[in-house]
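Please find the structures below.
The following pair of complexes shares a single chain, subunit A, combined with subunit B in the former and subunit C in the latter.
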Partner chain A sequence: MNLERIMQVDRRIIYLFVAAGTILPIIFVIGLPVSITPPTQMAFDRIENLKQGDVVIVSFDYGPSSAPENAPMADAFLRHCFSKRIRVIVIALYPLGGLSEAVNELNKVVAEFPDLKYGVDYVNLGYKDGAQAAMRKMNENIHEVFPTDVQGTPISRIPMMKNVKTYADVKLCVSLATGIIGEWWANLVNAQFGLPVIVGPTAVSAPKYYAYLEAKQMAGLLGGLKGASEYERLVVDKYPGLAKVYATPGLYTATKGMDVQSIVHLIMIAFIVLGNVVYFTGRRKPRKAA
Partner chain B sequence: MPSIGTWLAAFFTLCMLSFLYKDNPFFRIAESFFAGLSLGYYIGIVANQTLKPNLVLPLAHEFSTNWHLLFAGGLGVMLYFRYIKRVAWVSRWALAVYVGYYVGVNMMQKLHGEVLPQVGDTMLSLSWNGIATLWNLVMVVGVLSVLIYFYFSAEHKGAVGGISRVGIWFLMISFGAAFGYTVMGRISLLIGRMVFLVNEWARPLIGLIT
Partner chain C sequence: MRKQVPLLLTFFAGIIPIIALFVPEKHVNTVSTTLDSWLIIVAGFALLLGVVNVIQMNTNKIRRKSSGWPYAIVLLAGLAIMGFFGFAGAFNAFGGIATRPDGSSTPFDWLYQNAFLPLQGTMFALLAFFMASASYRAFRARNVEATILLIAALIVMFGRIPFGEMVTKWWPLTTEWIMSKPNMAAQRGIMIGAGLGAASMALRVIVGIERSYLGLGKGE
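Up next, the complex of A and B:
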């Protein structure tokens, strides 16, 4: 076999391998095991320790571009909160699709809990521009930042918002974040106003959040799709009734996504090893005299 | 049978993926659609979710208690003066207010929310307390050596050079971890699109589920 030909393999051949490695596990689900890491366990425990009726803000700070990572986190958090009867205030601070994601994911999960009542158990306050300014102002008066809910109903007419005026009336904030908005929850809202914050960032931005977690500026962290799959497993283990939901055929979950991740990572590792073997074998061969 | 929306999404997804083969007009059309739709969506959502409930409705319904919102609205309008050459300078006043506000917010945010807690978290005890002390030592050595790597007022040779080389190792390890996460993130996006194509478009199309 000519090793030099392997070194000059067309990149599109590699794309084909990656495409096959992505599509096949989607069709034939493998069900690889998911191990739990401490940051995700911390996030789960934090919500698990809340009491029935406590209020949590779930902030949709991502758009469709990172939904494959953030949406499973959002679903798992909402399912966890609703299973425990924790009241949820949904907001969106990400301009490009944050609100669409909030509406879609909330509608999807609420449909699984038919006894929940809008305005009593959960509310969607919609999108607000200028995230940092909105976050600061919410500490003074949430009602002034969100005078109406997403459908235009005045906030004063929403029963669960009557006693929720500032961060002091909220137990926790969960931010599903792409980009910098999740950081603002940690370094602005947590640092200045003391509200415990859990962030579910995309994998690309996950490393920098570990610094906030180490400094106890965050109460938990879900790093990308892996973190989402861990949270799914924790929720299903604690609330077995949700297992049926996660087993729905055709439903995209982070656990199924991690099967694909693992296969694609193996393909990439194989190509990296192959490339290195060929490179070093080529270096050791004596060069022919010109 | 997939809906028209699903067909459109599948078409544009395949257009974007076609770039992997080579640049082509389908990719460019999809790219332009994406940019245009994003801008349109942004304008619509800001108008409906922020301007209307936070400015227009309060002024229309209770002007006497909300008249101060005229200042905020006025600042927003002033920004558009930049398109009229003769009075373009007016937009700079509004911009000055925005910049001033966000500089003030960010200054406190960075100091109070990043610098102080992060510095505090690096001041770790090195008195022996089992394995935790070793991790504390790694943290302290890592932070100090990386700081020395970025200290350019002394030549990097001798002791300074040695410590800065240790700093490079710490940086390389952190870049490696960040790159690993980045790969995972990008693959996740590919998974999202492929799941859509397989489960929402192709499978209904060939009747695997229905």
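Up next, the complex of A and C:
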């Protein structure tokens, strides 16, 4: 076989393989098994150890570009908190769609828990610009940073916010993050103010968070879609009632997304190995004299 | 004055939060948190500056008919439409910027759901195709360093999917070890280096050695 031709394969052939690897598992769901890694287990255990009525901040620090990875994390965290009757403060610090993502995911999950009351069990404080400054200021006074909720209701009129003024009144923060905002929660809010932080970053930025996790500056880590699918499994195993929700036809979940990601990973591994085999074979072959 | 006032402002804005971190004194803290409040407002103005810059750049592009100028019209139209509904929504016109209490979309939310979200999703999804093609062509074991990188990448890629565990239960454990030990050590090194660099740059700005942010001409 002509090695040069394999080396110079038309990129559209590679695209075709990736497209098939993406589309086919969506149509024919494989349901690959999900194993749990320690960072996800740590995150789950930390929330599991909270008591009913405890307050958690869920910060939407991502936009639509990374929503397929971050949104299932947000859903799983919200479902976990609401199943345990943990009160949730939703905020958004990411300018490119953080607020809309927060509204979408909160609306979707709240509809699954009809007995929840807005302002009592959860609240959406909306978006605030200047992420780092807002994070620092929230340690002094959350009410000053978010004087109203997303609908314009003054924060003083929201029952669950009456006794929640600073980080000292919050048990944990969960940041679903793309970019650097998740890092600020770990190296600014946790390091300076001591609030336990769990970050759910995209897979591409997950490696840097291991430095914070190993330094105990984070209470857990969900690395990309894999982390999200692990969390989904943990939540469903602990709260079997949620299995019905995750089995809803047409609902996008990380577990379904992992089927696609697994197949595409395999295709990429195959291409990398093939590329190297061809490269080494070509190097060993003696060149013909001109 | 044009030089001294910004330098003094920068000095105080930079030095106060540092002092506040190490001096737990009430008055110092009050000044520092007041600065934080100002920073939130200034960050808002930075967004406005960005908008002005985008408008200037793209109107110039259209006026000069530079390459790709029709896209500048699309960009400005998008900015104007989203900006209008976002701005009006902030004053509760059209039902705000989130969904309405009955669950229906406000114009801003509708535009987000039907234009911004699919466009951003498409842009990000294209990366999978480019990455597959690029890794086939460029990810080669050309030398020792590249071979180590390649082997680590293949172990992690395979270990992050269920097939790794199907081969052996040690595969995900090896992946996790690579991530939490060698990767963590390398990340720490990068972070410490970047941190030291940022600290030294901040010091240069605070004490007035670094002045390029003032935008002054030569000799000023």
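Methods note: the second predicted complex is superposed on the first by the 290 of 290 C-alpha atoms of A that agree within 3 Å, B and C clash if a C-alpha of one lies under 4 Å from a C-alpha of the other, contacts with A are read in each partner's own complex, and residues count from 1 in each chain.
Here is the rule we use: contacts are C-beta pairs under 8 Å (C-beta built on N, C-alpha and C of every residue); 3 or more make two chains touch, one makes a residue touch a chain.
The model shown is predicted, which means the values in this text are computed figures rather than measured ones.
After overlaying the two complexes on the shared chain, residue contacts for A:Lys137 are found with subunit C alone; subunit B is out of touch. When the two structures are aligned on the shared chain, A:Pro38 is found in touch with subunit C, with no touch to subunit B. Applying the stated contact rule after C-alpha superposition, one finds that A:Ile27 touches subunit B and leaves subunit C untouched. By the touch criterion defined above, A:Gln217 reaches subunit B but does not reach subunit C. Of the two partner chains, subunit B is the only one that A:Ala191 touches; subunit C does not reach it.
Applying the stated contact rule after C-alpha superposition, one finds that A:Gly182 touches neither subunit B nor subunit C. By the touch criterion defined above, A:Pro147 reaches subunit B but does not reach subunit C.
In the overlay built on the shared chain, the residue A:Gly275 is in contact with subunit C alone; subunit B does not reach it. With both structures placed on the common chain, the touch criterion links A:Asp129 to subunit B and to subunit C. Across the superposed pair, subunit B and subunit C both touch subunit A at residues 15, 18-19, 22, 65-68, 95-97, 99, 126, 128-130, 132-133, 136, 145, 150, 152, 192, 203, 206-207, 211, 214, 223, 226, 261, 264-265, 268.
Per the touch definition, subunit B reaches subunit A in the complex via residues 20-21, 38, 41-42, 45-46, 49-50, 53-54, 57-58, 101-102, 105-106, 108-110, 112-114, 117-118, 120-121, 174, 177-178, 181-195, 198-200, 203, 209.
Listed in rising order, the residues of subunit A touching subunit C in the complex are 9, 11, 14-15, 17-19, 22, 32-35, 37-38, 63-68, 95-97, 99-100, 103-104, 107, 124, 126, 128-130, 132-134, 136-137, 140, 144-145, 150-152, 192, 203, 206-208, 210-211, 213-214, 223, 226, 258, 261-262, 264-269, 271-276, 279-280. On the side of subunit C, the complex with subunit A involves touching residues 21, 33, 36-37, 39-44, 47, 92, 96-99, 101, 103, 109, 112-113, 116-117, 120-121, 123-124, 128-129, 131-133, 135-137, 139-141, 150, 153-154, 157-158, 160-163, 165, 172, 176, 179-180, 183-184, 187-188, 190-191.
Residues 12, 15, 18-19, 22-23, 26-27, 65-69, 95-97, 99, 126-130, 132-133, 136, 145-148, 150, 152, 184, 186-188, 190-192, 202-204, 206-207, 211, 214-217, 223-226, 249-250, 252, 257, 260-261, 264-265, 268 of subunit A are the ones touching subunit B in the complex.
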